[in-house]
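The two complexes that follow have chain A in common; it is paired with chain B in the first and with chain C in the second.
Let's turn to the complex of A and B:
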C-alpha cells in the first residue's frame, strides 16, 4: 500500500514572505527527519533558492520546452538542503504567454510521471504565487492535488485582500473535492495591533491562525547568504519559531471551508481598522528609521 | 445611424487602434430578442438592447468561423494564416465544397487554390507565447505561395494569452513582400458575428487600402455579394454594366488589387448594410469615398432606388431612368404573373393572405419585407440573426411601409425558431441553409439564404432577375410540402410540448429589456 502523502499548498501576496516561510518549514521538517518535497509554483522560479544555496534550478517548463518526449523527472528534481527535493514549475518570460496554464502543465507533468510514488515524500509543499488570479494558479487547490491550504499574510490590507481571494477560490472548488483551508500563517508580526487585525479577520471569515512569525533580521541575514534560517542560524529564536510552525502544520488535522467576505464587506471591515492601521504605519516607519 | 456619407461621422473608425470595437460596444448589438418590431425599434432608440445570456443555447458559431474564414479564404493571390490550435481553422475546409460547383464559365476565377496555413498552437505555445511560430508561418506563407497579402486570423487562444500580433507583424513586415494584415476575430470577444466582419474591414482599411492615385469615376464598391449567390453577382454586374459602370466586388474572390483600389471608387453601395457599415464609413473618413446604406437591390422598387442612388454618385442619372424603364418592360409583367399566382392561392383559401415567416439577417430584415409586399404575400413575423443600432432608421422605414410585425432575434436557435413557427403558423417558413438543427412543421419550409455556391439561375435573389427567380422559388416551395409532411409523419418533435406552450420563447433568457 502506498503511504498517504501530505500535500499542502501555501498561498500569499507577492513579497509577503511566502517562499521564505515555505522553505523554512521544509527545512525544519527535513531536519526533523521527514522526506520533504517543495514545488515552487511561480513564474519567478525562486521559491527554492534558499534551499539550494541561493542558486536557481532549471524549471519543469523550461525542460519540457526543450524536449517533451525525452524529459525525465530526474531532470527537474534537485536535491537541496538536507536532501529536500526541490522543483520549480517555471513560466514564460514576463509579458508573454500564460503563466497560469504553465502551472497546470507543470503540475500535470509531475502527476503523470508518478513523481510522488517514485520519491515517496512524507510531505509536499506547493509554494504558489499570490492571488488566485486565474484557473492556473488555482490548480494546486483543485481536486487531486493539495489536501490542505495555508496562506501567509501580514496585517497589511493588500495581503489580507489576497487571503480573502484565496478563500473564495477554496470555497468554489470545495464542492468538487478541492483542497480545504487549514490556517493563516501570520507573518511579519511585530506589534500587538497587527495580531489583533489578523485575529479579527480570521474571526470574520470563520478561519483560524496556524501560527505567528515575528519580523526578524535573522531571516534577512540568512536569505542574503542564500540559506534558510534553519540552515544559517539553527540556534536562533526565529529557527525555533519555524520549527514549531512546521510541527504544528504537519500535525494539523483542521480542514474546513472558510467564509470569505464580499468585497463591500471587506472594505467596510478594513475601514473599521483604519485608525489602528495608520498608527501601525507610523510605528513601522519609526521602527525602520535609520 | 449613418444613411450615407453625410452622417458618416456619428461613428469614427479609428485606424490607429489595432482593431474595431465589438458590435455590442459600438451599437448595442444583440442576438437575444423577441417582441414586436415597434418594441424592438423603441428599445434600440432608447439604448435598451443588450446581448444577454441564454439559459438554454443550441448550436452556434464564433466570429472567426461564422463565415469570416470562408470569405477570407476566397481572396485570390493572398494567403491566410489561422493563428491558433489547428481546430480553429476547420471552417476553411468548407471552401472547396461551398464554391466547388460554380463553373468557371460563370466567371469564377480559374485560380481556385486555397492558400491556407495554421500556426497549430499547442500547450507550450500557450504557456510561453507563440510569436516565433507566427513569424515562421508568415515566412512559410511567402515561400509557398508568393502572395500579395497574408491575412492573419486570430483565435480565442491568442486572445486569452494576449499575444502581441502587431509586434510580430511589425518585426517581419520589412522582410516580406506581401502585405501582412492582422484581423482580431478572437471568438471570446463578441457574440455578434458582425464583430468579426468589422474586425476584417478594420485590417483591410488599415493595411491594404492604398491612398488613391486617381479616382475611378466608373468604379462601384460592392461588399459581400455572396451574402447572396453567384447569380446575384452576375445580375449586379449586368445592371451596372448597362450603365457603363464597373463593379469592385469584395471580399469574395477579389484580388488584393481590388482591395487596394477601394479608395478610388465613386461610391460604396450596400448589398447587406450591416455588413458594409464599417467599411463604408472607413472608406469615406480616410479616402473620401461616399456611400449609402439603404436600400439593397432586393425586389423591383428597391432595385430601382438602389440603381438611382448609384447613378447619383456616378453621374448616370439620365442613363439610369432609361435602364429602369427597359428593365421594367421585361420584368414587371413577370412579377405580375407571380403575384397573380399567389393571389389565386389566396382566393382559393377565401381571401386569406399567404403568410411568410422570414428568417433574415438584419440586413435582410429591412430589405426583404418590402419585397414580400410586392409579391402580394405578407410577413407577420420575421427572424434576424442579430440586431443593432446601425439599422434603426431603416427599421423605422420598414415599419412605416409594411406595418408592425413580430421579430425574433437569434443566431440559429432551432427551438426558438420552431416556437415562433408553431405560434404564428405561417404558410411558409424561410430559413438559412445549415440553419443549426432541423425542425419540421405542417406547411412548407424553404431556404431564404441561398447556399452560396449554388450557381443555378433559381438561386438568384438580387436585382430584377433575382426578384423574379426568387418569387418563382417561393411559389414552388409553397406548393411543395412533401418533405415537411414526410418528416413530420416519421419523426418526433425535438423539444417538449411545454416549451412550445410558453408564451415567451425566451423565457430562459436573462432579461435585458
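Let's turn to the complex of A and C:
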C-alpha cells in the first residue's frame, strides 16, 4: 500500500524569504530523519539553491523542452543536502511565454511519472511564487496536489496583500477539494509591532500563525555561502527556530478555509495600522523605528 | 417597435450559452479576409485546430466554397503546442514566416495571431516587422476571444491601414473602395462585389473591391487613393472606414446593404452621383433603360407570383446587410409581406436603431414586421414556429426545419451548407429577378 505523503505548498510574495524558509524547513526535516522532497515552483528556479551548494539544477521544463518522450525522472530530480530530493519546475525567460502554464506542466509531469511513489518521500514541499497571478500559480492548491498551504509573510503591506490574495485562491478551490490553509509563517520579525500587525491580520482573516522567524544575519551568511542555516550554522539560535518551525509544520493538523478581506476592508485595515504605528512611534521614539 | 429592449443582445458581454451562432471568432474573420484576397496567404500563429475549423466553419459554411491554394488545409500555421505556451512561440513563427515567403507563390501575407500568442504575450509585431522588406505582410492581432468574425474583418483593415498602406499624394476622383461585405460570411460576396464593380464601371466609376480580384497587392495599395469608401452594410466595415478616414482623409458613405432590384439600385446610383463624378445624363439613361428592362423581366414571373399566394407572408433569418436588402426588395417591389425578420449578426447596440429604421421604412405596407436580434439557432427555430409566413429566406440551418415550418426555403445567409454559391448574387437591376428565380426553384414544379 502506498503510504500517505504529506504535501504542503508554501506561498509568499517574491523576495519575502519563502525559498529560504522552505529550504530550511526541508533541511531541518531531513536532519530529523524524514525523506524530503522540495519542488521549486517559480520560473526563477532558485528555490533549492541553498540545498545544492548554491548551484542551479536543470529544470523540469528545460528537460521537457528537449523532448517529452526522452525525459526521465532522474533527469530532473537531484540529490541535495542530506539526500533531499530537489526539483525545479523552471519556466520561460522573463517577458516571454507563460510561466503559469509552466508550473502546471511541471507539476503534472511529476504526478504522471509517479515520482512520489518511486522516491517515497515522507513530505513534499512546493515552494511557490506567491502572488497567485493566474491559474497556473494556483496549481499546487488544486485538488490532488498539496493538502496544506502556508504563506510566508513579513509585516509589510504588500506581503500581507499577497497573503490575502492567496486566501482568496484557497477559498475558491476549497469547494472542489483543493488544499486548505494551515498557517502564516511570520518572517523577518524584528519589532513587536510587526508581530502585532500579523497577529491582527490573522485575526481579521480567521487564520492562524504557524511560527515566527526573526530577521537574522546568520541566515544571510549561510545563504551567501550557498547553504541553509541548518547546514551552515546548525548550532545557531536561528537553526533552532527553523527546527521548531519544521516540527510544528510536520505535526500541524490544522486545515481550514481562511476568510480573506475584500480590497476595501484590507485598505481600511491597513490604514488603521498606519495610525497605530504613528502613535507607537511617538510613544517609543528611539526604540521603534519604521 | 414591437419587440422590446430585451432582444438587444450584446453577445460579447453575455454569459449565455449559444447554439450555432452564424459567425466564427475574431481569428475566423481575419482569416476570411486574408483568404478572400486572391493570392492572399494567411499565416496562422495559433493552435492547429484554429485553421482546420475555418475550413469547415468558414469556407464550407460560406456556401460550400473551397478556400483555394493558400487557405483551408494548406494554411501555414505555427501549430502551437505546450512548449510554445510556456516558452513563447516567437521563434517558431519567425521560421514559419520565413519558409512561407520562400516557398509560397502568394502575393500578400497576413499573419493572424490567435488566442495562445495573445494570452502569453508573444511580440508578433516585432517578428512580422523583420519581414517587411521581404514581402507584403501585415499582422492582425485577432485572438478568438476578442469578438466575432466581423471584429476580425475590421481588425484586418485596421492592420492594413496601420502597417502597410501609405498616404497617396492625390485622391483619384472616380475611385472608390467597397467595404462591409465579409468574404465567406456574406455568402454571395464574390458575385456581389463583381456585380457592384461592373455596375459602377458603366458609369465610369472604378470600384476597388479587393476581395476576389487579381493583382491583389496593387489593389490594396490603391486604397488610400480612393475618393470615397462606400460601405454596403449598416454596421460592418464602419470601423474600417473610420480608420481609413483618420489615416488617409478618405470620407465614407454608408448604405444599409447591397442594392437589390430597381428601386434600391436606382437610389444607390443617384446617391453616389451626388458625391462622385458621374455624368447625370448617362446615369438617367442607364436608370431608364435598366428599369424598363428589369420590370419587363420580372413581369414574366407575374403569373407564378399571383398563382402561388398573392401577397404572401415571408420570414427572413439573415445578417443585417442581407436582411435589410432582401426584406425591402420583397416588400417594396414584389408585394410580399414581411412577417418576421431575425437579424443574426449581433450588431452593436448603437447601430440597431438604424437597422430597425431601414427594415421598417417601407411605405408599401401599413404595418411593421416583428424584428428580433437573435444569435441562438435553437431560439431562432422556436421563434419561427406557428407563424403565418409561407416563404423563408434564411440559412441552411433553417432548411432542415422547413417541413416542420411548412415553408418554402431559400438559402440567402450564412451558413450555406445546402447551396453552392460561386458567382450568384442579387445585386442590381437583375438581382431581384434572381431572388424570385431561387424562390420558385422547387416550388413551381413538380412536372
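Everything that follows uses one rule, which is that the second predicted complex is superposed on the first by the 274 of 290 C-alpha atoms of A that agree within 3 Å, B and C clash if a C-alpha of one lies under 4 Å from a C-alpha of the other, contacts with A are read in each partner's own complex, and residues count from 1 in each chain.
Heads up, the rule we're going with is that contacts are C-beta pairs under 8 Å (C-beta built on N, C-alpha and C of every residue); 3 or more make two chains touch, one makes a residue touch a chain.
Only a predicted model underlies this, so the values are computations on that prediction, with no experimental measurement involved.
In the three-chain model built by superposing on chain A, chain B clashes with chain C. Of the two partner chains placed by superposition, chain B and chain C are both touched by A:65. Of the two partner chains, neither chain B nor chain C is touched by A:217.
Where the contact sets of chain A with chain B and with chain C meet, they give residues 61, 64-65, 91-93, 96-99, 101-102, 105. Only residues 82-88, 90, 119-122 of chain C touch chain A when the two sit together in their complex. Interface residues of chain A, counted against chain C in their complex, comprise 61, 64-65, 91-93, 95-99, 101-102, 105. Residues 123-131, 160-164 of chain B are the ones that touch chain A when the two sit in their complex.
Across the complex, chain A meets chain B through its residues 61, 64-65, 68, 91-93, 96-99, 101-102, 105.
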